[in-house]
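In what comes next, chain A is part of two complexes: it sits with chain B in the first one and with chain C in the second one.
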Partner chain A sequence: MTRAFCYALVGLLTSWAVGCRPVYEAPIPYDSSNKPGTGLFRPAIRRSLDGVYAVSGGGGQFGREVSLKWSYVHDGTDTVHAATILTGVDAGFFNLEINQSVDSLRLSGFWRTLVNQGTGQAALTVVRKRRGQLLPYQGPTLAGDTLALRGTFDTGTGSATQPITLTYLRPLNPKPFEVIAHRGGGRTADLLGVSENTLAILRRAARFGATGVEIDVRYTKDSIPVLYHDNRLNQRLVQKNGLSGGISDYTFEQLQNSFRLQYGEQIPTLEQALLTIVDNTDLRFVWIDAKFSGPMNRVQALQQRFNERARQRGRQLQIVIGLPSADAVDAYRALPNKANTPVLCELNPALVRELDASIWAPRWTLGPQTEEVKAMQAEGRRVFVWTLDDLRFLEKFSEQGNLNGILSNYAPAVAYYYYTTH
Partner chain B sequence: MRYLPIYLFIAAQLLPKLVAQAPPDSVEQRPGIYFPQAPQPGHWRRSLGLTFSPAPPELTEELRISIPAVDFNLQRGLSRHLYLVGRLQTQFVQSSGTLGFRYARPLSERVFVSIGDDMNGWFGILKIKDVFNSQAFGFKNFPNVSVGFRPSPDLQFTLKAEAILTLYYQSAVGGLSVSQRGQSQNGYAMTVVLEQPYYHKRHMLIGLRTAYTRFNWQFWPLYSTFDKHLFYPEILLHFIL
Partner chain C sequence: MKTILSLLSLLLLLPPCRAQFSPATDTTGGKRGAYHLVLTAGAGPSRYGTAIGIPPAWQRTEGNYAGTSFTIRAMWHPDHRFRTGLETGLTSFYSYKGTVDGEVASVKVSAIPILLIYQMPLAWYKGSERSFWRRMAVTVGTGAYLIRSQLSNKGIVNSQEISAGWLAATSYTQPLSNSLRLAVEARWLNPTATQESDFSLQAQVLWRIFSW
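Entry: the complex of A and B
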């Protein structure tokens, strides 16, 4: 009897520990066509849609206000436009593309909440409100009417039947501010459908509400700067292949041939990443997190080359090197020429001044540091905090309104609080 | 929860056999902390030990963090079935205190059950130059049920199930604070414990607590943002004093 009880007890606990462990998935319930072109959404119409909207319907899961912002991805002469609606609830957002198969201003796509697995389809049509009536909308001139988006969504059922209406309230907050997406757009753990620190996520970052990205850079064995966060090539980021070690244990060719990231992507070089950002996206800020050990000159050369490329293309883009550690500071100090090498220092204010860093980026866990922030801004520097994901604190920091940018895994939440601020 | 029918089946097979034993004694004579049997009225029971709980990889990614906690239990018998339970845990950066009650009844000479409820308060302060200027505190409630099995006079097994209800949470960084009422950080836990004499007949308890919860006070400075039940195993090692 004793033995039977022991076995039952151990079996019970084991099955509890293993069997009850939830598997979290959030498959995107919509196949984007990524079709270039604007259809009926001419530039003036797109511009008129950017703004803050009141929500009716939606069962409260998208909050009472949302903000809508357009972004695009260039591929040569082709441009794909997308509308992002930021909900402010559970780091939620809609990604909608232009439905060119209909003869109305119609957007189709999906919604997602990043702190959990909320997802579903959505389809919205642009209309105008006149005395409570919803009428077709053809152009940016409203003549006293109110712009609105009306449509349906679902909660993963596959049948978008729940009604939702967004009614235009006011323009987006125009104050300059950087919404910086961590690891190129977000963590692999947040089930975004693409891996962190990849070309694919860089192309999507603006669809998460980001205006800029932070990317992690390490050197391969043959000194190629590549994007990768962790010290080790582990199963958190890389598909299982029996190999171990860190990025610096492999040549770039070996990495390309032997490793695939969780969603099947290859580990990109910093050069590929910067080329993608400059040529394909509308991002305006890049934070290169210097996770490497060794000289900084290769990264500096790429920074300068792509800052110049962006300037030549008329892009308002700034690429800075982030200095997170004493080793990175030493590598920066060792550069023979620091001209045209803007840096961001994550360490204390004294060091920021000594290095003449253009940006101070303290941890958010130090609090608002109001006096230090004011002093830095008075000296012409910008202040960002990192990596702020706690939504309650994110709201509080946003209410303070004294920062120049926030780095977060939840770019949609940062963007929501920024754009909806009066 | 999809395994609930299996648990119920096992319980249905075991309990009738276990209950059909000799008449019980409802008052505890042997050292024990988790075993669901009341101490003698007016008497104390104590244990001192360590717990080890690794941080979930979802929060620490490639880092592996496990900070031991000093754990002290204190119990006092109120009647033949009712007793008070108290618990203090500290990792120095964060500490926790619990006060609750148990109502225990024997089902047979070997099988005992209890129900109880524990109120818990915890707090943490973390100040590291250029890294943390943070503090937090909160209150939790743990309704619980335990089943104990004593196959021999010195051997006591306990299986404890508890709900984890977050009542209040407040956290501050610098001068900025946030708070939350309600039960959005709930979870549940199962604990299995063996209590028996070991070295020089010193009674010890060895146990494993496995919790699925949205929040664990031991890891408050990691500021979990996942609205998901994360898995927190915890090893318990105690001397029963």
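Entry: the complex of A and C
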């Protein structure tokens, strides 16, 4: 009897050990209101706030310096403004919205780190410092005073009581550079509240410090280009429905009817994505990663149409087609007319020259490749690396300072190193 | 993870170790007995044990968690109690139907297991060679499941996915003749990558097709 009990116990313990998987959860503790309007944050005040700040308080979890950058999302005549503060620690960032219910320059929102599960709420008020005293700021002129943001945050307790003060140091690094967010802005795995490669993440990409996005394009069975990263429809990206296979096994209508991405969104078309980027965001670069097999005509047509739409709207936006493989290169070569079709080539420099690609984008693990980078830039091409998520190497590549852009799942970290560089 | 795998490996080794040190009735002591190749065929009802995800766009939906399970297994029964073999078959997991834009749509999901099987009669725990406990056996399996799905909506799409997984079962075997036995087996199939689980109860025929 005792022996039977022992065996049952061992069995139960084993089942428990195998069955209890850790739950990775970093909830976003603040529901963005997405309320249009600027309140007291007039354009001149917003512009004056962009910059690098020294941090005091915060217990060191936000580093010694942060950078603040405004972004916006348009919806017809409505515009929602948001301030992003990039901390440089564990790919951390604050997402703050204008609090229009108070009669001061007040921002409310949350902070997150992408590398671990740090998160909490935050509220900051814009003030000016004069001889150590904090005074209300009506801006944008400071008359010798120093701009500062003062407020509180919490570490997931729900009670924002820990003080933090950010004191203005200098403007943001003005050198042209692209902070490119992978998979439309961020991965589903990073618990950003919206799924990767969706219209929702595209609208949020700038809030993560991105100036551009990389989106993954595949063809449905009826040749509609849609956004989806993986080779297969799997439960990492789509909600369980019993179905599997690849995007190209299903028509667009079947995908719309029977599949939802992890946060409930539908799989968007490339057309919807480009329309959102051009009409609704302030992003300035789009990297269409050609993960499809088959002719490139449809993607080229959309690229040209939306590049033109952006130009007509006075947007400084460039849409390029990324060529990650020999198949994609063949599809590009097969295009009857390559005019107005800027491409980015991920393969070797000789091929970049042969295709006359405007951007060379080697994998970051190939190293700095300093001479090749110099040669490409001397020929008038830009050089990006992908997909750089290791924060130590991200810092090294940023210090090196010779790249024109970095593609990463940790856009807040790339943006931090870019904006804070002297 | 490494710790869990090590623990599992040790647990798998535990039954054969126990068998080695069983009382004198154990056939591993003294003269070696015959080895047998045993072919098993089984069938029975099954019940899907995990939530199914019906797409939110579907209306007037109806899910069916009941199915049928078929198994073919080839086992090596040595003269000691630790048996091993291969198993395959077909288990219908679940189906659901509904309407999308006024049209009837349906999904059917089934699995083909391809598993390495280990089996041990419970005689190592209690009883003798011919007792009830000798006829009871526990079975575990590990390997792959080929998960097959069919969507019927604006055309038919058949697709399949390979998922790692395992099986746990317990059975009672009743001898009918020297080479024929009848068994009933309760089974739990668990393809882990696709987050499925299925319980089934099978009637099985065991045929000792070859001995040496």
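Just so we're on the same page, the second predicted complex is superposed on the first by the 403 of 422 C-alpha atoms of A that agree within 3 Å, B and C clash if a C-alpha of one lies under 4 Å from a C-alpha of the other, contacts with A are read in each partner's own complex, and residues count from 1 in each chain.
In this section, contacts are C-beta pairs under 8 Å (C-beta built on N, C-alpha and C of every residue); 3 or more make two chains touch, one makes a residue touch a chain.
What you are looking at is a predicted structure, and each value in this text was computed from that prediction instead of being measured.
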Item to complete: Name the contact category of A:Arg232: first (chain B only), second (chain C only), both, or neither.
Response: both
Counting residues of chain A touched by each of chain B and chain C, the higher count belongs to B
Exercise for review: Examine A:Pro368 and indicate which partner it touches, taking first as chain B and second as chain C; both and neither are also allowed.
Suggested key: first
For A:His422, decide between first (touching chain B), second (touching chain C), both and neither. neither
Mind working out whether A:Ala189 is in touch with chain B, chain C, both or neither, as first, second, both or neither? first
* Thinking of the overlay built on chain A, is A:Lys240 touched by chain B (first), by chain C (second), by both, or by neither? -> second
Exercise. Thinking of the overlay built on chain A, is A:Arg131 touched by chain B (first), by chain C (second), by both, or by neither?
Worked result: neither
Inset, instruction - Return first, second, both or neither, reflecting whether A:Thr251 touches chain B, chain C, both chains, or no partner chain. - result: second
Dual-contact residues of chain A, meaning touching chain B and chain C, are 4, 10, 17, 232, 234
In the complex, the residues of chain A that touch chain B are 1-2, 4-6, 8-13, 15-17, 19-22, 24, 90, 115-116, 189, 230-232, 234, 236, 347-348, 362-369, 389-393, 395-397, 400, 409-410
Interface with chain C, chain A side, in the complex: residues 3-4, 7, 10, 14, 17-18, 232, 234-235, 239-245, 249-251, 253-254, 256-260, 264
Listed in rising order, chain B residues that touch chain A in their complex are 1-3, 6-7, 10, 14, 17-18, 57-58, 61-62, 130-134, 149, 151-152, 155, 157, 159, 171-178, 180, 190, 192, 208, 210, 212, 221, 223, 225-229, 231, 233
Given the complex, residues on chain C that touch chain A span 4, 7-8, 11, 51-58, 93-94, 96, 100-101, 105, 107, 109, 125, 147, 149, 151, 153-155, 157, 159-161, 194-195
